[in-house]
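Shared between the two complexes below is subunit A, which pairs with subunit B and subunit C, respectively.
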Partner chain A sequence: MAVSDAQVATLRAQLAGRVDEHLHLLGQIESAPDRQAYSALVVASFCEAVERRFGQDSDASEVVDFVADVRATSEAATRKIDPRTAERLIKAVYTDEDVSDVGADQKKDLYVLLLPALIGDEQFSGAELDEFLGHSRHLADQWLS
Partner chain B sequence: MDELYGRDMDAGGDRQEPTADATSQTDRPSHPVDENGQENWTEDAEPLTRGEYADQMRQGPAVEETESASDGHHDGTHLQAIEEENQTREQLPEPRTRQEIAEETDHGESADLHNDQAADLDGQIAEQDKLPEPRSRQEIADETRSGADPPTRGESQGDQSYLHVTVVEADTADRTLGDTTPTGIGLKPTGEQLREMENEELSKPEKLRRKLLEGVDDINDAARDNASLGQDLLTRHQPPIGHAMTEVPHPLPAAPPDGGAAPDITSAGLVAGVLLVEATRLSREPLHRIAEAAKGHWPWR
Partner chain C sequence: MPVTDAQVLALRALLNHAADEMAPLAYQLGDVEIPGYLHLADAALSLLACRRFPRYSNADVVRYVASVRRDRLADGDAYDIDPLVGENVMRSSLGISGPPQPPGERLQAVVALLGALSASELHTATELDELLRDAQALADRWLAQLDM
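Here is the complex of A and B:
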């Protein structure tokens, strides 16, 4: 099993800001293996984005500031995003932070909310977004193989 | 003068060399003399070796002897000085070992001879002397074969610098794979140890998968539910699309100056001329045509 082009296009539509296209393509991912592959692509993109934004040398205060900035966007964001869990999930990418106690549903919500926030700050061009998704797809394929 | 000559004559007749004559001492080799000023040096006396002479020169009393000799007081000879020096050396105690010094320190007998630094050094030496002799590999192997459980050095001394070794008796099945040595090289790892070893060897992608992807099989529902909020977060720092409309007040036109300007006078003259021509032409037409023209009928066109 591997990530398909249609799944990459679905995530690309979301990260490019085309909500309708994203939802349309998302509805076409029906089978369980396809959903699992798309989930792997989203999580891999989250890891890639966190690595680019924070990396190994970042200070813990940068993560705190980022999460606070994201939560301050709207009341819905404040309600949906638990700051401590979000910070732990980000730090789990590049540290030994253990997040085994975080539930799967909470992880899913944070992935689909923190990923566009990270990509929005990067201000990617079209080519840069494709390059980013290429790296993410490679990691997801490693997980799925 | 006579006295001088007389002295010279006496000196010349006797030819007895004065012992205090500095010039004659310089020309002749100095020999030891006794209390009466007679030389007691004999030819069969052993000459000083280079080492003895160096030792003599290093000693203070020997220098004093030389100075006293220069003053003419030959209370001691070089030979006597050497003999006394040798006797003094023979009377010195034998050099003590470190252990003896340490024991004296413990009994407080030689407090004047040792300072704190020496005491510390002796204490370290005493501790090292208490350590057991290191055993050879053969001795360790023999003890292991005999089934005894000898205490390791680290256990017996409580020294953290030694490796703690635990010797256990194990069946062949409990030994690690490929272990055919008589004493064994180790036990099979337990399941917990295997899992820890596996975690240490995991690659970073695999660690990420286990931490972040496990349990997240279907993210579609979460993506659909949070699509709008995700869009807001994506564009939260982006400027709005399109051009912003801003009201800019137009500058008011300048008020015309008093009096007509040249363009206004020209325009007024032109309008007046056109009106005059039309009025002249209409005045030549009959009145009924003028009336029809007023109704919108233009029969001449």
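Here is the complex of A and C:
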């Protein structure tokens, strides 16, 4: 199993802010293997984005500020994003933070909510977004193989 | 039962960031006086929170609690407060009611927020005296309502 071009296009539409196109493409990912591959792409993108935004030298306070900024964007974001869990998922990318107690659905929801904010901070051009997704796809393919 | 001088003294030590003084003073309050002390602390927090944030904004509350946590995390994870409890305490202080919070986590949040707000909002001994007087009056009103 590997990530398909259609799955990359689906995530690209979300990260480029094209919500309608993203939702349309997302609706076409129906089979269990396709959903698994798309999930792997989302998680790989989250890890790649966290590495770029934070990395080894970041301290806990930077993560606290980032999650607070995302939650402060709307009351819905405040409600949906549990701050401590979001901070732990971010730190788990580059530390030995154990997040095995966090449910799969909660993880998935938080990856989807946090990823656009991580990407937004990067202010990618179209080419840079393609490069970013290329790296993420490569990582996801390694996980799926 | 109105606020006592001993309760005001303990809160004064907290707002003066004199932890060495505050701990024995709070301990000496005992089981009888602690509930009144907590009302006094809530009153002071409400007055300081409204001074800092005259108009309520969810974003302000989220970012402020994060900033308090960030400063405390510099001293280690053990000094962190529960962010959701902290936000609910701040909202309550600003007149936005919410669900009851676990007592232990709530107290940690109140102490942390009082420490941060007093550092930024109280600049002179006179301002501290005024805040304590106003907080005592407010807490006395709340306690009188509870006694009715």
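In the analysis below, the second predicted complex is superposed on the first by the 145 of 145 C-alpha atoms of A that agree within 3 Å, B and C clash if a C-alpha of one lies under 4 Å from a C-alpha of the other, contacts with A are read in each partner's own complex, and residues count from 1 in each chain.
We adopt the following convention: contacts are C-beta pairs under 8 Å (C-beta built on N, C-alpha and C of every residue); 3 or more make two chains touch, one makes a residue touch a chain.
What you see is a predicted model, and the numbers here were worked out from it, not measured in a lab.
Aligning the two structures on subunit A places subunit B and subunit C next to each other without any clash.
Contacts of A:143 after superposition: subunit B is touched, whereas subunit C is not reached. In the overlay built on the shared chain, the residue A:49 is in contact with neither subunit B nor subunit C.
Of the two partner chains, neither subunit B nor subunit C is touched by A:25.
Partner contacting the larger number of subunit A residues, of subunit B and subunit C: B. Of the two partner chains, subunit B is the only one touched by A:99; subunit C is not. Seen from the Cα centre of subunit A, subunit B and subunit C lie 70° apart once the structures are superposed, a value rounded to the nearest 10. Using the contact criterion defined above for the overlaid structures, shared-chain residue A:35 touches subunit B, although it does not reach subunit C.
Superposition on the common chain A brings subunit B within a closest Cα-Cα distance of 12 Å of subunit C. Comparing the two complexes, residues 73 of subunit A contact subunit B in one case and subunit C in the other. Chain contact summary for the complex, subunit A toward subunit B: residues 14-15, 17, 19, 22-23, 26, 29, 32, 35-36, 38-40, 42-43, 46-47, 70, 73-74, 76-77, 80, 89, 92-93, 98-100, 104-105, 107-109, 111-117, 119-121, 123, 139, 142-143. Considering their complex, residues 205, 208-209, 211-213, 215-224, 226-238 of subunit B touch subunit A. Those residues of subunit A whose C-beta lies close enough to touch subunit C in the complex are 59-61, 64-65, 67-69, 71-73, 75, 78, 82-84.
Across the complex, subunit C meets subunit A through its residues 58-59, 62-63, 65-67, 69-70, 73-74, 77, 82-84, 87.
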